[in-house]
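After this come two complexes, each holding chain A, first together with chain B and then together with chain C.
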Partner chain A sequence: MVGREDATSDSMTGEVRAPAPPGINLALYWHLMRLRARTRLQYRASLVLAWISQGFGYAGTFASIWVILNRFGGLGGWSWPEMAFLLGFHTFAYAIGAVFTFTQFRGMDAMVREGEFDMLLVRPVNPWSFIVFSGVDLQYGSHFVLGAGLMITGAAALPLAWDAGLMLRFLASLLSAALLTGAMFTIIGAFAFVLGRSRYVFGLYFDLWELSRYPIGIYTAPLQIILFTVLPFAYMSFVPVSVMIGKPVPLLGGAAPVLALAAGPILALMAALFWRACLRRHQDIGG
Partner chain B sequence: MPAASPAIGQADLIRPVRARDSPVTPLSQNPHRGDGPKGILLMPPIIDARTVSKVFRQRQSTGGFSGALRGFFAPVTKEVRAVEEISFAIEAGEAVGYLGPNGAGKSTMIKMMTGILAPSSGSLSVLGRRPIEERIANAREIGVVFGQRSQLWWDLPLNDSFDLARHIYRLPEAQFKASRAEMVAMLSLESFIDRPVRQLSLGQRMRAEIAMALLHAPKILFLDEPTIGLDVVAKDVVRKFLARINRERATTIILTTHDLQDIEEICPRLIMVDDGRLLFDGPLPALRTTFGARRRLTLDFSADPGELILDGARPLPSEGLRRDFEIADDERSLIDLIRALPAGAPLSDARLHEPGIEEVIRTHYQGRSA
Partner chain C sequence: MSAPALKFAAFHPLALRPLAAFATAAARQQATHRSELLAMAFGAFMDVFARISIWKAVYAGREDMAGISLAEMITYALVGSTFLSSWDAALIVREIGAAIRSGQIGATLMRPVSFPGMLFAEQLGPRLLQFAVVCLPVIAILASVYGIQPPASPGHFLLFVAHVALSTTLLFLIAIFFGLLSFWVLEAHSLEWFMRGLTALLSGGLVPLWFFPPALGAFAHALPFAWITYYPMACYLGRADLFTSTLLFAAGVGWALVLGACIAVLWRLTTRRVTVQGG
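Entry: the complex of A and B
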């Protein structure tokens, strides 16, 4: 993505310009995150309110799932500790991905329509990275607290041997699931280049996202196939958590341990290609 | 107002002067020229557009609910040629006004030169690169100000936005500080540099936008409607600054505007477009001749002079003590004209009216849409 970066002799003035440092501008991304955090912290009360309201919303949902599981003894063969680990993992991994992508790409269609996106193209930056890092969202505090709390609650009651191998798998699974979230939001955001409006796609996303909280085995076979393939929500938590706690994964079988870690990077690559193609189309026929 | 001359309003009679055929800035006056051993020009134009076109597909709506329904299931699109075979060459250090009515393709051309949009056909080179293919390298050497978009960080002090520019362009600390100090002094930003951008007036914000676009010392500054919405004083500050930056730093300026005064004060050269096509490219004073605009002579008499025939002047509808004429010959002076009056004509006052640029252009566009 980086253009020609060589030292250029200014033919007009004879002045020789220093070459721009090659590669990714990490200092810029770090600076953007700090600017964004400072901006958000100017409205501290609203940030705390967002944490509290979101926290209560999630806590309510999790409590109702807990009640159902206690009343009926399980859900699709999953006990409460297993479910707690699944829900915690789902919330935590989603939040990591969403911090970098959700609010950023939710506003993508307005950004394209109102020409703000064009302002990024006239700067020597990768527009995707600029959007992601300049929009880092601090609103996910309650997601992390609740997610971690549920995972700890579940893991404490499960016979898991937390050796280096499992720890590594856990972290890699979280990263893969976070990448999956980021990739999905990127794909939806890229639709803005093609459709003009993409915000409504987020509604569809969250309908399916709700389904991905639960063990995929409780759904009918056609829906399972969709969640494992076309709309790969199964990899957000069900597949990686099933692999970690040793539960069978329908349809995938022995491929599950590899796919649990590979799904995120694969979808991220596809999202990058899709984003690039849509951007190219925007530059060719948009305006 | 009726057409001031038969040529006005007849696009087929207008012969645009193309930069390629007749360079506008004499090369001998170009401070950046680089002559070869035999006086051959070595330096290519800083911007070189050759038969550049941009075509969009636009959905057509037939109106009403049934039209909307039809459009949903079987959308009908039409081709919109926003820019049509435009050619020009801009030398380093020039200041060029890019003028045209709404929808003439001004912004589309700017977007192509800045790497936002790809041309549909033709070739476009900016600083020796194809902007769309080498967007990042191009962006490093240009500055862009869109009058209706901001690149400043809304909630934070202006200084933070400047600091962001340092990171975006990877400027060494010393270079950044020197550049910022220069901009702050030249644009009088000192009093509000620590204020959040959201609290700045429109004029202050535009000055800040321009400063931000110049911190990395770009070779070309593109401005799309930089004075839109500004009051008279703020416009004046922006115009004077842009003229100065062009003169002192030799920054090439390409500016689109609706306000002809921007062009009169900043840009010695004008490119005029309409319906995506190039209408005129040349020095501002040549516009009048190209569009066939004529000077007008008004004579006041103390007594009715009766029927009046003036050599080289066409009488315009007028009667009584005041008579108007259209002067075909640009070389004839007021004295020549008065001398041509019949002896003893009771003349009390005489005025020669030079048509303003705005009048010339307005008359042209009115003639076109009639």
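Entry: the complex of A and C
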């Protein structure tokens, strides 16, 4: 495999060659990520232009939302600083998860169809980990800058006491939301084993993802229930941010602080099980 | 390819026949992907629903804002985000970029049809199909729940229909303009995002220009993006009398002509550039 062969010519050495059980070879994954990053960094100007333009694209939408809040004073009981924090968190957490999963699983159906995935099955490495780490995507620079900028803008105007407890909750919430993103993309990617075509499901994902940018309380009750349960987009940013800035969370009430942190790991576990089940089915079909 | 062939393709009336064939073929192709159409309808439904939810939330307890009522904003969301804002024309930029990168553009230029014309036809066919099978059902379902205002008058309605055609044309021209720039920039992906950002804010797709801060509003009112969603919807809702609406429509046609001229110049430079690269 590419990673192992190339390892000899780089600072990565013994650990990569050493036999290790598939799935836990961290040195190999680190090496794969470095390879991918180095490839992308060969075209630095192109990468920076991609960051700037994508940031510009997102800024257009965020500016529209700012115009609404500037004119009306609030949205569903959320002021601009609160909304900025919500949007920033949503963008930043999404980007962490997407770096490891989005472009990787977007091409999953083509990989399965064209037999590229079967090549992975004969390699001594966990296929999910290989796809995730060898495809790590650096295009999210503007997401991080915009997300952090919006969160700082919002947090500066909000009466938040940034003690160790809140800091820890903030980081754990980001991690949970990032896991949620990764888990959802993994599930959609796994559909490729069952449906044959899964790319259009990403379109459906983004339709719902865009809803989760706004305070969930503005939607009708049935949709709120869906976003809190079967399609848990509410935990992407609305629940964790509401908990942090002390806003009430409909339907969840007192369970919100725990669920804000637990949603990501729970869905990640479900995604892992789903991936395995779909993979088993794929192998069954393949004989 | 030779310059005379290009001229023939671009200006000869007979060139319309292959373009119609491209439009029909693309629409038929789209019609076969039913799951994609369903996904599109779902996307449009969620998009309009989100907008209506936003307007209902911000209007809570208010009669109107800047002279605009909630009922008008619901209509703006229903009609505007389906007929006027649901087409992600920036994807054309991606298509042109891919054709340039893969070199397929060379083979395309050999055809006796103008490349921009062919792209337009290929987009127009599916777009008309989507008007019928995606936009209308979504409007019908959500209007039955939230209500919809009829056009201000029959005259405004006719002008609105013309505005929809102008909006589609302008969006296409803007996309082609950005797409042709990728002959120089070679980063179609970035151009696509620049276009998306400008259109999202300045077309009035999500927020009508009535609600913009004065300085930004004045700027946005004059740019061609405003004719994509804002002016057509202002016409539908009868925010200006028929005479003013007609003048505004004429101004939009003026923008289309300006963009068309810019594209013609760019196209000429482009074809020369391709010949140089090939030779």
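Simple rule for what comes next: the second predicted complex is superposed on the first by the 262 of 287 C-alpha atoms of A that agree within 3 Å, B and C clash if a C-alpha of one lies under 4 Å from a C-alpha of the other, contacts with A are read in each partner's own complex, and residues count from 1 in each chain.
Just so we're on the same page, contacts are C-beta pairs under 8 Å (C-beta built on N, C-alpha and C of every residue); 3 or more make two chains touch, one makes a residue touch a chain.
Quick caveat: nothing in here was measured; it's all calculated off a predicted structure.
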First, second, both or neither for A:Leu208, with chain B first and chain C second: second
Contacts of A:Leu35 with chain B and chain C, given as first, second, both or neither: first
Touched partner set for A:Gln283, first chain B, second chain C, both or neither: first
First (chain B), second (chain C), both or neither touched by A:Val122: first
Contacts of A:Asn25 with chain B and chain C, given as first, second, both or neither: first
Chain A contact footprint on chain C (complex, rising order): 35-36, 39-40, 42-43, 46-47, 49-50, 53-54, 56-59, 62, 65-66, 187, 189-194, 196-202, 205-207, 211-213, 216
Complex contact set, residues of chain B against chain A: 32, 34, 43, 46, 54, 56-57, 82, 92-93, 108, 111, 114-118, 129, 132, 134-142, 144, 146, 148-151, 153, 155-156, 160, 163-164, 167-170, 172, 219, 222, 250
Residue ranges of chain A in contact with chain B within the complex: 1-5, 8, 10-13, 18, 20-21, 25, 27-28, 31-32, 35, 38-39, 42, 114-116, 118-119, 121-125, 283-287
Contact set on chain A toward chain C in their complex: 46, 49-50, 52-54, 56-61, 63-65, 67-68, 70-72, 74-76, 197, 200-201, 203-204, 207-208, 210-211, 214-215, 218-220, 223
